[in-house]
Amino acid sequence: MPLLLNLSAAPALDRLMAETDTRGLEWSLQGHAAQSAWPTIAGIGSLAGAGESEISFAVSKKYLQALLTSQACAVIVTPEIDQACLEAEPGWFDRVRVLCNNPYLLYARLTQWFERARQPVVDASAPAIHATAVVAPTAELGEGVRIGPGCVVEEGAKIGARTVLEAACLIGRDVDIGEDSLLHPRVTLYARVQIGARAILHSGVVLGADGFGFAPDHHQARGGWSKIAQFGRVVLGDDVEVGANTTIDRGALEDTVIGNDVKIDNQIMIGHNCRIGDHTAIAACVGIAGSTTIGQRCTLGGAAMFSGHLTVGDDVHISGGTAVTSDILKPGRYTGVFPYAEHADWQRNAAVLQQLAQIRRRVRSLEQGASSES
Amino acid sequence: MPLLLNLSAAPALDRLMAETDTRGLEWSLQGHAAQSAWPTIAGIGSLAGAGESEISFAVSKKYLQALLTSQACAVIVTPEIDQACLEAEPGWFDRVRVLCNNPYLLYARLTQWFERARQPVVDASAPAIHATAVVAPTAELGEGVRIGPGCVVEEGAKIGARTVLEAACLIGRDVDIGEDSLLHPRVTLYARVQIGARAILHSGVVLGADGFGFAPDHHQARGGWSKIAQFGRVVLGDDVEVGANTTIDRGALEDTVIGNDVKIDNQIMIGHNCRIGDHTAIAACVGIAGSTTIGQRCTLGGAAMFSGHLTVGDDVHISGGTAVTSDILKPGRYTGVFPYAEHADWQRNAAVLQQLAQIRRRVRSLEQGASSES
Amino acid sequence: MPLLLNLSAAPALDRLMAETDTRGLEWSLQGHAAQSAWPTIAGIGSLAGAGESEISFAVSKKYLQALLTSQACAVIVTPEIDQACLEAEPGWFDRVRVLCNNPYLLYARLTQWFERARQPVVDASAPAIHATAVVAPTAELGEGVRIGPGCVVEEGAKIGARTVLEAACLIGRDVDIGEDSLLHPRVTLYARVQIGARAILHSGVVLGADGFGFAPDHHQARGGWSKIAQFGRVVLGDDVEVGANTTIDRGALEDTVIGNDVKIDNQIMIGHNCRIGDHTAIAACVGIAGSTTIGQRCTLGGAAMFSGHLTVGDDVHISGGTAVTSDILKPGRYTGVFPYAEHADWQRNAAVLQQLAQIRRRVRSLEQGASSES
């Protein structure tokens, strides 16, 4: 792992911790450096990968051996893990470490510090709107907005303060984007899409394309279709992240609504009129058909599929690859995946699958024979 | 639901019906307004969501209660539903309503009227080709073609009359697009792709990328591959809609062919040499491997998968999530989805799945024992 | 199939073979033309589709009838197939044919010859960088690099000799692309992505978007998430092809690594920290969750899914639609697909699926009864 910062720009551990968001965390610095200078932290690494200018972390005692041998100049551990290290290796007492009740969350917060520190300094004298961008005169741009090359911002769009549009973003009529959002290159927002504050949208995202709606129309041809124009919007809450090449369609008559702090991975498809509750996280390749409602704090595993017009309640966890075809109102974990096997074994068992109802009948008939005998 | 039009621009119901395409529909206006002015219709809403300037509709008697309490200023119902309303609520006789033999199709046709009415008026004095577009001198543009910012139209491309390219569409060499088509922002058509009339292509669509073809080539390395260049085209019929981020690959030697009036949702992958019959509708996230032929008037449910080199006949309906691995020649509905369950139940049952062939043997053996006893 | 070249530009068969890469192949020309001029070859077609200026090929004796009736002016066959044709039809002796130990590979190599021959001649006097491209002054462009309209190349990017960027490609800071690569229109590479030589990247590809990483963070809200910034790169070896709209995410702390000669189809998602071994081929719509390692020379069938943190060894072949949820260390073919059936049959059998554990118990109990009787 390359260092994230040059050593000359890297902070000492105590300054790093002071500048990191540690709200909600309990932590303290330990190790011999308490009596001298704390080490300089130029990056973050895994226990095995971290070099001697990098900090690392462990979330469980099962990494004890890796902890004891890590080259990292500092490690984040829970007091309990720390105690186990001390018992295993008395020299551990002199190790520079951050005791923290939640090392994984502290790791996340540290990555955010480094991410900010790594941002190229914006040249304040450079124009905020690239010369090749096309911005409609009626668009409203907040303070500090930056618009990259090749962007198009159409009539009536509003872009909140400090929001950044990287290259080639296309912002339709009357779109409304909140403050402090980041649109990576090549995001497309159709007309009237609404985005909250602090959004992160990745390349290839398309929000607001037409929902898939057609009425059977045999007037012109047997099997013909008549398009149902789609009038709803896509509305995203605050703190939403949407991964690369994900698509969310506009509603037919109502809006498609994504709650606050919803995290959506790559290549996901969310159909028209869907509603996703706050804090729900959706892994890659999930498809959610139209008019389905997903509750709050759900996790949807990769490539899970949802039929349309369903209701999935709060705190439901769906395993990857599961097809959800009916309502789920009770919290819990749900799964439906065909177990894989060596091909010949699968073939043998799959063949019987087609006879299951028949086998059940045969078992029942055997049972009746057995019970009539006894 | 916001109104679709300002009240000042909204039509009275009788004018709306006169201007709407009602070919193939039987309809009549009913209600007390027949003696005075028909109400002004500023939009369309669901029965529950429609406000008092909006029209709504019902397709079945199960919405009777919602019909009777809807705030909509007019409703579309069948004569049969109307009769049920009259029986349930005598005051219904004074309700403004459109009796129609197919309310859902009339709803679709009305959305089309509103969609046209909502289009921003094109400034006829504005240049039809945006200053930032790059159009090759040998490209042929029909009358009324409009080309948005950042578009690239390469040598030899032909674009039919009144077709609109929104921002950042990339049109390769010798592409041929029919009349009255709409390319939403950021559609990519590789060289020689052919599109019929009245197409709607959504953002992120890629038509004509190379099919996935490689010959094993162990000359340079064990397991090596030699690319098979792809020479076919992608050919779309008339009235085709293609959803956001869908990809259709060019054929290897022959073309990949999509029939007339085929409706293709988002994030679909259609491999090289496939042929899709007229009027077939394909829901999101479907994958169709190379050289598979799908018949006319089929519906393919979301995330269904098709192996390559298959033939699926006309009027076949595949449930979402189904893997089709062999030909289907008989019309009908086909399904293959592992039913989901609470995780622990799934685990228990999935484990047995691996023993199905063995269980069948055991049942057979029990049956033989039983029959030898009797 | 249209001819690939005008007849005037088409080569005679002997010249075509001399100019085609035949390394590792054994071949000879046969047929009456040996005594006169070899025919002119203007294209390649299937046995049924080839016209009289096109060459075709057969890979197995099961195409014997098609071979004997093909209009192609020349055919590629193995000596063994040739012998079968001679026996079936004595006149075959005068047929122009290429005997080759590997007709399919020779076909692939011929397509490459035609692909090169079909390339429009680059106007050497035209500027290599389109006037509408935005190239940072610190970007390094190798000799013969061509950059299309609307491209953006950011600070510090390096583009190897003869690499072509078609329209609207977006190349982030410090990206490094090898020599002789082809980026089709509208490829997005985030900062620091590294691409080897001879890559082919199709439209809509996004390499280097953030991996999907969040730490649970209940400080602000129950169910809240804290983003883990993603610091790794995406690194592609040489000779990699990536299909349209495929996404590969950058690693969290380490890199996401794609080996040499890996072939990746459309609409594939590869999560952060994955590693894919050399020569592995991945069919469309596959999803690979984060931190999974796939070995060398694997083939992953369309829409197969892989859980995260798995290890799949070398020479493993996964059937399309299979969900891989645990390590696979032994070479071989693996499958896990629910067999489809007519819907009513599926329903009947799927219902029993939920009772499998119970049925096994009942069989066991019957067996115990039977054994206690005997």
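Note that the chains take the letters A, B and C in the order they are written out, and that residue 1 is the start of every chain.
Convention: a contact is a pair of C-beta atoms (placed from the backbone, for glycine too) under 8 Å apart; a residue touches a chain by one contact, two chains touch by 3 or more.
Predicted, not measured: the structure shown is a model, and the values here were computed from it.
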item	value
Chain C against chain A, contact positions shared by both copies (same if over half, else different)	different
Superposing rotation of chain B relative to chain C, computed on C-alpha atoms, to nearest 5°	120
Length of the line joining the C-alpha centres of chain A and chain C, rounded to whole Å	28
Junction residues of chain A, two or more chains touched	132, 150, 168, 186, 204, 245, 267, 285, 337-339, 341, 351, 353, 355-356, 359, 363, 366, 370
Residues of chain C defined as touching chain A within the complex	132, 134, 150, 152, 155, 168, 170, 172-173, 186, 188, 190, 204, 206, 209-210, 212-232, 245, 247, 249, 253-254, 267, 269, 271, 285, 287, 289, 305, 307, 318-319, 322-325, 332-339, 341, 345, 348-349, 351-353, 355-356, 359, 362-363, 366, 369-370
Touching residues (chain side chain C, partner chain B) in the complex	1, 4, 23-25, 43-46, 49, 102, 104-105, 107-109, 111-112, 114-115, 120, 130, 132, 148-150, 167-168, 184-186, 200, 202-204, 241, 243-245, 261, 263, 265-267, 278-279, 281, 283-285, 296-297, 302-303, 320-321, 337-343, 346-347, 350-351, 353-357, 359-360, 363, 366-367, 370
